[in-house]
Amino acid sequence: MSSVLPREILITTIARLLEGVRHVAVGASSPMPAAGAMLRRALDEKERTVRLSILGSVEHNFFTNGSCELFDSAGQGRIDAFFLGGGQIDGQANVNLVGVGDYPQVKVRWPGSFGSAYLYFVVPKVILFREEHTPRVMVEKVDFVSAPGFSDPEVYRPGGPVALLTGKGLFSFDKTRPGFTLESTHEGESLASIQEATGFAFEHADSVPQTPAPDAATLKLLRSRVLDELEETYPAFAADWRRDLAALSVPA
Amino acid sequence: MSSVLPREILITTIARLLEGVRHVAVGASSPMPAAGAMLRRALDEKERTVRLSILGSVEHNFFTNGSCELFDSAGQGRIDAFFLGGGQIDGQANVNLVGVGDYPQVKVRWPGSFGSAYLYFVVPKVILFREEHTPRVMVEKVDFVSAPGFSDPEVYRPGGPVALLTGKGLFSFDKTRPGFTLESTHEGESLASIQEATGFAFEHADSVPQTPAPDAATLKLLRSRVLDELEETYPAFAADWRRDLAALSVPA
Amino acid sequence: MQSDLKGIVSRMRSGMRIAVPVDYAGVSMALTRPMIEAGLRDLDLVCVPTGGLQVDMLVGAGCVRSVETSAVSLGEAGGAPRFNAAVKEGSIKVIDATCPAVHAGLIAAQKGSPFLPLRGLIGTDVLANRPDWTVIDNPLSDQKDPVVLIPAIHPDVAIFHAPMADRHGNVWIGRRRELAPMAYAARETYVTVDRIVEGNLLADEMTGAGVLPALYVSAVAEAPKGAWPYGLWGEYNADVDELKRYAAAARTQEGFDAYMSETAKQGEPA
Amino acid sequence: MQSDLKGIVSRMRSGMRIAVPVDYAGVSMALTRPMIEAGLRDLDLVCVPTGGLQVDMLVGAGCVRSVETSAVSLGEAGGAPRFNAAVKEGSIKVIDATCPAVHAGLIAAQKGSPFLPLRGLIGTDVLANRPDWTVIDNPLSDQKDPVVLIPAIHPDVAIFHAPMADRHGNVWIGRRRELAPMAYAARETYVTVDRIVEGNLLADEMTGAGVLPALYVSAVAEAPKGAWPYGLWGEYNADVDELKRYAAAARTQEGFDAYMSETAKQGEPA
């Protein structure tokens, strides 16, 4: 088990969450979601075509109508999955990409909401992905709602969050409550360590399983084809990964 | 005077109506409006650039965003003048491009309203141009309003009709009445002959002047440069014109 | 992705709403006869924004239930004889529009929006006959300001003809950008092309600029000169003589039927 | 039509609303310093749909009154230091948007429409802080269906950088189509290009497909590598080291001032 890198478990988990999708879009600086989508594509290639759009990439760009096309195609229902991070994420899956403190003169200003206030509503599978899992990120209530985790029934909302994946564990989201359920803890974490790191309450089984590592075949695919593909768009991330593999003394 | 062709008087009149415009759009099969715009462009070339967009033409196409771009640019206020015909035109400048009789099962069906129901509202100078001047075209009331000649004050309407040019005469349009005023009669026509051919009432001075013919310099420009330019897009019309010039025994 | 004319038509069903382009933008005339031969019925055509020969033939062959359009004509060859006859007889429903309203409906669908507002139209009989169009008072204005809302148009199928596609299904539409909203708005898009090219049209910025990506294309079939007797921008001109021959023949239903069976024997154009 | 950087900046005025593109679409960095040197003040920037170095520099130089944007950052080089500081100090007004809302506002202007409806947004603090955005109940629905109306955005000026233009003022924007609505919506559009080419870009269907026509272009200036340190699609990559150098320097106003006067001496990039 210690022969698998933490990021490989994250990427494999992302690929599992993407089961059944046809078209995934990821942000420009999102190597792990991209890797997860590439793994999904490699696993599914005999059954279906999985498209991967990486914003700002030339190689992984299916768009020819400018930066509005991502939003248009999401509105058309042509994007099945998307990833959102967040400076703050709260227990109702609200996401804050704007800042900490009283808006507009926030104490800490982040870039802004980007397309979240739209995509979170229309993309069926939105995966919240943030490696940093601390009480300052996983808060009880966000200071600014860039995009809300759930909406009243009269609001047009074919999309929304399905999961929250962090450096410590994987949660599913139940929009009927609404709230998160801890599904698994990553190696080295426990229910207690996650509760301590999380500013919001969440549900969990009495005994929470560990996040599964990839099987040997998947791991091989990941370290060969996916890593090679990833290198084209994210050379620095791929180099890092290769270095860590070398340190593991595992043949890459 | 008889050394000037009727169409040359029409084209010159169109050019006069286009004084001051920067961008004229004409339909695909509108050689005379196109010729009028080309004459305007030639006359003004030292003072300003007059753009001419001919729908469906490659040579005179400034557009790269498909067939919606004409309407978009008109909505942006970038088209100063446009021409409309009409199977029926009435005394309030209503235009019918759909058919005669009870809609929808009309007795005579014409192609349809095209973009008139929009462009008539937003293009500042719409020139109604129809050579056939008979009671069946110039009616008291159109059977179907493809586009209305005037609108209530609360309706957004920066554009509308400024003139009606026919094979018999030139009318101006007064939107405050609303109604037409006969400004001039073409050679061979009179107030009486026009009244007889017109199904709607119109205002007129006691003595209606004759539509002026082009001066010698303008006529020269028309028969050289404009005719040459027109030939690229409307070869059949240009050939006709040259034949008639030859028949006039006027050196073309 | 790659298919043929029969393969494409086998994916169409009677009762579908089908979007077709204006005569100069690339009409897939190559699909017209296979659609007729497949016995499609009750089609609801949406002309983007006007129709011509393809519409007239489909109407003449009895395939059509309704036509939403800003106009139908054969251009230089005159009025559309079978369409005009059907309107007079009341055998098809004509839903008169105006060009920018058709574009607005497709762009609303492109944007996943329920409607687009459109200026103009107030006081026309076009509006008066469109119960699906709604006039509201502009909520952003502090004065009375009526504006028309055009609902999104969601065709089941869009069909058109283009100069080329690659084997991935990327289609080069050049500056005929109205073809893109048709495809964005439609559930399925079928394209015929003069030629299939090697390589990837998206790989190069110059060709990529004019591409409708495969993401929106359900199937492509090669059909050389597939717009004939219409022309194709940058490729070949319309065959006006043929359009006139059709126009003369189709003045009667018998003449139309004779034209269709005669030209069926001729096969593809030279 | 053809001009130079100073000629273009001389046509801008303090208090204007200026639209600028996203960092990867062609930012006219070449115009940034001339705008600062011209002493422009109280600019209202509209980022289409996000901003970066150009916005941060204009803010740092005191040219800006407000920024309407979906985000401002230096991408890989981190947060936008002068923008973030100005937001915290309250010395500029930030008007937070979301990407498709900026596009919707420009496309409304493109279409001459007063607004465009946009899904999403309901329940966000983005919406709560936009008194200019209005929620209505969709008039075309028979159920309760709230939808947001985004008013048209009419910039006084749009500026961007592109690979090439011809002497007629036609600008090749390739597949960066968001540049077109910026120009359609703006009263004036100023473009810098890496090179001016002979001939007419509209004369050929292949190049024409990627052209913003001269009709929408007020002036063009040649500025080789004019997007630097940003990259230009299909031409050159971003100079991330330079962006990082800026990001480090501009953490303080003094550092920003020093960077600007130092790089002013350097002149144009290699």
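Think of it as A, B, C and D in the order they're written, each chain with its own count starting at 1.
In this text, contacts are C-beta pairs under 8 Å (C-beta built on N, C-alpha and C of every residue); 3 or more make two chains touch, one makes a residue touch a chain.
Predicted model, so just to flag it, every value in this text is computed and none were measured.
**Student:** Average the CA atoms of each chain to get its centre, and name the chain whose centre is farthest from that of subunit D.
**Tutor:** Max centre-to-centre separation from subunit D belongs to B.
**Student:** More C-beta pairs touching across which pair, A-C or A-D?
**Tutor:** A-D
**Student:** If you average the Cα atoms of subunit A and of subunit B to get two centres, how far apart are those centres in Å?
**Tutor:** 60
**Student:** Please compute the C-alpha centroid of subunit A, do the same for subunit C, then give the distance between them in whole Å.
**Tutor:** Computed from C-alpha means, the inter-chain centre distance equals 41 Å.
**Student:** Nearest whole angstrom, what separates the Cα centre of subunit C from the Cα centre of subunit D?
**Tutor:** Comparing mean C-alpha positions, subunit D is 36 Å from subunit C.
**Student:** Suppose each chain is reduced to the average of its Cα coordinates; what separation in Å results between subunit A and subunit D?
**Tutor:** Between these chains, centre-to-centre, one finds 29 Å.
**Student:** Counting only residues that touch at least 2 other chains, which ones in subunit C make the list?
**Tutor:** Residues 100, 107, 111-113, 118-119, 145, 147, 175, 180, 208-211, 233-234 of subunit C touch two or more partner chains.
**Student:** Which residues does subunit B have that touch at least 2 chains other than itself?
**Tutor:** 63-65, 71-72, 75, 122
**Student:** Give every touching pair of chains, nothing left out.
**Tutor:** A-C, A-D, B-C, B-D, C-D
**Student:** Please give the residue numbers of subunit C that touch subunit D in the complex, ascending.
**Tutor:** The contact residues of subunit C facing subunit D are 100, 104, 107, 111-119, 134, 136, 138-141, 145, 147, 149, 151, 172-175, 205-211, 233-234.
**Student:** Residue numbers of subunit D touching subunit B in their complex, please.
**Tutor:** Touching subunit B from subunit D are residues 109-113, 180, 184-185, 202, 208-216.
**Student:** Mind listing the subunit B positions that touch subunit C in their complex?
**Tutor:** 28-29, 56, 58, 63-69, 71-72, 75, 97-99, 103-107, 109-122, 144-148, 151-152, 154-156
**Student:** Using the touch definition up top, name the residues of subunit A that touch subunit C in the complex.
**Tutor:** Counting only subunit A, the residues touching subunit C are 23, 51, 61-65, 71-78, 122.
**Student:** If we count contacts the way the header does, which residues on subunit D are in touch with subunit A in the complex?
**Tutor:** 22, 24-25, 48-50, 69-73, 75-76, 79-80, 83-84, 87-90, 93-94, 96-101, 103, 107, 118-129, 143-147, 175-181, 233-234
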